[in-house]
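Next up: some structures, all given as structure tokens.
In what comes next, chain A is part of two complexes: it sits with chain B in the first one and with chain C in the second one.
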Partner chain A sequence: MKLESRNNQIAQEVIEIVEKYNFQREKLLQILEELNDSYGYLSEFVMKEVAKNLQLTTTEVYSVATFYSFLNTRPKGKYIIRLCKTISCVLAGKNAVANALRNELGIDFGETTSDGKFSLEFTNCIGMCNQGPAMLINNDVYYHLDPEKAVEIVEKYQ
Partner chain B sequence: MVGHKIQILFSPAETGIALRLAIGKKPEDIIAQVKESKLRGRGGAGFPTGLKWELVQQAKGERKFVVCNADEGEPGTFKDRILLTDHPCKIFEGMAICGYAVGAQNGVVYLRAEYRYLREGLVNAIKKMKESNYLGKNIMGSGFNFDIEIHLGAGAYVCGEETALLESLEGKRGEARNKPPYPTECGYMGCPTVVNNVETFCYVPAIMTKGAQWFSEIGTMESTGSKLFSISGDVAKPGVYELAMGSTVDVVLQLVGAKDTKAVQVGGASGICVAEKDFNKPISFESLPPGGSIIVFNKSRDMLYVLKNFMEFFVEESCGQCTPCREGTYRLLQGVEMMEQGRCSIHYLHTLRDLAQTMLISSKCGLGQLAPNPFLSIIDNFKGEILARDRVARNSKKTPVVR
Partner chain C sequence: MSMDITVNINGKEITVKRGTTILEAARNVNIHIPTLCYHDDLCISGICRICLVEVDGERTLQAACSIPITRPVTIKTHTERVRKARRNVLELMLANHYGECYTCFRNQNCELQKLAKEYGVDALKFEHVTEPRYEQDKTSAAVVRDKNKCILCRRCIRTCQDFQGVGALDATHRGYDTQIQAFYDQPMADAVCINCGQCITRCPVGALREKDFSDSVWQAIDDPSKIVVIQTAPAPRAAIGEEFGLPPGTSVTKKLNTALKMIGFDYVFDTNFTADLTIMEEGTELLGRLKDLLVDRKEAVLPMVTSCSPGWIKFCEHFYPKLLPNLSTCKSPQQMFGAILKTYFAQKAGINPANMVVVSLMPCVAKKFETDRPEMTSSGFKDVDFALTTREVAQMIKEAGIQLTQLEDSPFDDPLGLGSGAGLIFGATGGVMEAAIRTAYEIVTGEEAPFENLRVTPVRGMEGIKEAEIFIPKALEEWSFLEGKTLRVAVAHGTANARKLMDIVTQGIAQWHFIEVMACPGGCLGGGGQPIPTSEEIRKLRAKAIYGEDEQLTLRKSHKNPQVLKLYEEFLGTPNSHKSHELLHTTYTPRGVF
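Now for the complex of A and B:
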């Protein structure tokens, strides 16, 4: 019963967002981005509701959701740390920063801490190549990192 | 003027002057002026901007669109980030001039998800320009309407390819379209669409105020004007530099304080690796295509490791739609790993080179067509080093040499 009422609430929220975009098919990406922001990820239920409201198949919505690396189809941590692994950041010392982050959080890249607070990921070039190593934590960018600085930044989010 | 630091994009310019000049002219005259300047697209492909605008102007369509490609994702590129941060009004002014010239009333900036933190500044800049009536309805009393919206991407390198970008704008997977038809004929929502890079739009106001002749005298015959270079890697002063087209690699290296340079990757992961013997080559569309990214490697760097990093990038970012790219990038990466382990025979290396050529010809979009570039150029330049490397310990019975 409890789950059902939660689902009803989500279904309502999905309708509100889809309505805001006038039920337009071409707004699917924005709709998914907003839902991804609200819930942290796009659950099967959310994708089905979006599909229903836009008169698409669930497969179509899923195919879009899984195409983009900033949309999650599985639960992720509250803060997603994306460390740039492209060559300029590597030359600037990305590997040491990666080790420090691993050690600090006790997880490997691709994993989420058990308290659901942090997900650790690598990302491709984020355009901070002159100030590497660099990382994004959700929408905030951090650069000129070294192991110490990186760990201190993460500490602020604890 | 080749080789000297110049300032077109980074010079201060009052917003609106170029736009006022432009809307006092006939659209055809603006296009003629852009054509005369010989401005070419700064995203990497170098398509003549004036011709693109003309095609859209002449195309039939009730609605037309102007799209700014701000999906800067090429490894080592960050010039657009600087323009988006410091000179958003130049971009929007360029887009509005383009809109007036081609007959479009709507502009869209496709901003990559990684630059989401720049959105607020861009939205504010649009608001200010609307307040000054440089955007919006009846711009400066001319009867011309032009509005710009910011559309956020969601993390996909391939969306920098213009047709993949349009698919993404339409809320679909960012998979490249078959061409023709080109976006100039059938672009966003099936309407004629100009898709230009951030930097390309930024040159337009300067061309309007200072003239096509002035612009075309900078740079080389086929590559006029200046170019922004994002320079990173083993250099003392990394950053964005505005240089005349045709500047040589040597000049660039001197400027940024590079020492003991072994190789320079010009044009990012999909660009070309240049070794010392070619440092005297100019960076221009006639010689080394200027993608905007320059990554410098000093003599301590292992070029096979660099190549592996690039190939991993392509394997991840290939959209998987066409076979040459999906399978090809994977096989090339596998080949690099074999070389690391000392398992790649010269015969198999030739097979991989054939595969790279096949990808170049048969991939559907720029990603797959350019992915072999670093593979071929790094292997060619450093074959001796790669063949003679100490192999990583391996069990020879389990992992035989591949022929």
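Now for the complex of A and C:
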């Protein structure tokens, strides 16, 4: 599809979502969440369209989008692995798990594999403190991890 | 519920109105509470935590700037707990603050540095960053950013969003990764930035500054083959003294001339001269548009809006591209001067314009961007080579070892050193309008504008938007179509105020014929290139100096400026002539926001 018509289509989709929320600025977060789900990330173009339709400045939209870890402003892998980095998971052995994930995927945290399949990130507490170390792959939760178990789980997504 | 509450601050009883902040209450009794994110011009933010005080009945220390007084309380502003907390806050800020004071342009005028001294920070308990985290952003023609020095107080954001209505910057990311950024981490050159520089004058540290051209100007001065000419705008004269310890509102026009001569400028001219020229051109343009409408029954784009402020021009190009035809086609006085210098003056003085370097002293940061506009080359060269801010010129004067305050007076050079009082008041909000009224009324009616001592008071002062109506009881024959008509004008300063006017114009319900807009609050005297700090009080004092100087002049109307008339006679012909259009008028670029 040509870029222009693809952009027109996205612009239309943004309007539909914004319309659903009655063009209310205070629904910005919900709107960004939905768009993040549809496209995997919030592109420059998508954020501009949101700003235009809500009569916000583009910087305001970008400010909100970058504040939340679960909203992406740059393209990410198909599967986003988020390993909890907070204290109880650290005490339960998060560092060993982190190293195993690095080795398995050949990338560091904050990076995406060259095939676009996996992104590796740290996250703050995901509420699995009594069952750490814990991680999320997209919306699925994995807990009681150790290096082998973490690698096995990732292999299932390969 | 009583509106008055008695509070006790450091043992002093004071009665305040309910809702007064602790900071305001303390200021009333001359108790100093330090501030950083707080700024008189801006809305309260309460994030830097330097203004912490102890309030009885509250478990934690409270931020004085943002806590309203709602009950009779006892407040202590310098207990051990408070002092320790403030020192901690400073040490934490300094831990992330990269940059050495002695290479910083805010050295000795930095709020963080000052507080570190006042609060006895003598060691960096939390260590200190030793490597820069970010590259400096030097992409913009006007504004340079160094995020390594940023303390995240968000004054720039509030200035840009609330005060100026632009929104080029916002805080992005979170926690330790928080940065002040343009959309999608764009460099400043690509951001929707109008270059007004208001963020610079409100930054407490050296994270924002203007692009410095003083070294290039020194180079030109040192080069014997170059003739270096400087034109000085009205607003810096009323402010540059502040850089030399004089109180705000001290005019140093003639001492400044001496200093610039001593630095080595070959000619020192007065931008007021082209301010007068602007009035001739812009006034004629306005009367022409009115004639089109009233006599020739042609479509005329009204209201006409002034075009002297390059920050405003870029604001209009971004946010109101449909209103660009409303802008006067006149270049700003700075650019007119450049064009005249490299043509008329070069011929007259026998100088090869290729060897002429035109420098301007401006209260403005956006003027730097303006000099770089591709359309500003009508003399066949870059019309103005370098625009310097008041701060940069103050720095040059200091570097030359000149004691500005001790100097003798000297006049501007001939022939382009003569400006009227009307040109002078361009430096204050409403000044262009007042100058235009003084001239237009007299041209149309043959009589002086009906204001005591030529003070057009309705357009003076610091209200964000001012309006005035000028009734024309009888007109000379040429202008008979204006007889019995009322000219309606409006003045806005600060682009957030301009936005209000432009929204009305966009709706097509505007009744005005002529609008003056200045991008900076207070007009040029509150410009982004002026000495730091700025506040409403300082701006008022600078305005007073400018209006005071106007009243001391005998020449107070642009159309009576003999040098301007001579320029028309010898070179341009008549206002809005073909030649004027070539040299003194310009075009605009619709930019949009998205």
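By our rule, the second predicted complex is superposed on the first by the 157 of 158 C-alpha atoms of A that agree within 3 Å, B and C clash if a C-alpha of one lies under 4 Å from a C-alpha of the other, contacts with A are read in each partner's own complex, and residues count from 1 in each chain.
We take it that a contact is a pair of C-beta atoms (placed from the backbone, for glycine too) under 8 Å apart; a residue touches a chain by one contact, two chains touch by 3 or more.
Since this is a predicted model, take the numbers as computed values, not measurements.
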Give one of first, second, both or neither to describe whether A:90 is in contact with chain B, with chain C, with both, or with none. first
Applying the document's definition of touching, compare chain B and chain C: which contacts more of chain A? B
Going by the contact rule set out at the top, does A:73 touch chain B (first), chain C (second), both, or neither? second
Please work out whether A:52 is in contact with chain B alone, chain C alone, both, or neither, and reply first, second, both or neither. second
Which partner does A:44 contact after superposing on A: first (chain B), second (chain C), both, neither? second
Is A:63 touching the first partner chain B, the second partner chain C, both, or neither of them? both
Looking at A:102 after the superposition, I want to know if it touches chain B, chain C, both of them or none. Which is it: first, second, both, neither? neither
Going through chain A, the residues touched by chain B and also by chain C turn out to be 63, 67, 69
Give every residue of chain B touching chain A within the complex, in rising order. 72-78, 80-81, 113-117, 151-157, 168-174, 189, 230-234, 238-240, 265, 269, 293, 295, 297, 301, 306, 309-310, 313, 316-317, 319
For the chain A and chain C complex, residues of the former touching the latter: 44, 47-48, 51-52, 57-63, 66-67, 69, 73
Over in the complex, which chain C residues touch chain A? Could you list them? 161, 166-174, 181-184, 192, 593-594
Which part of chain A faces chain B closely enough to touch in the complex? 25-33, 63-64, 67-71, 85-88, 90-91, 123-132, 136, 139-141
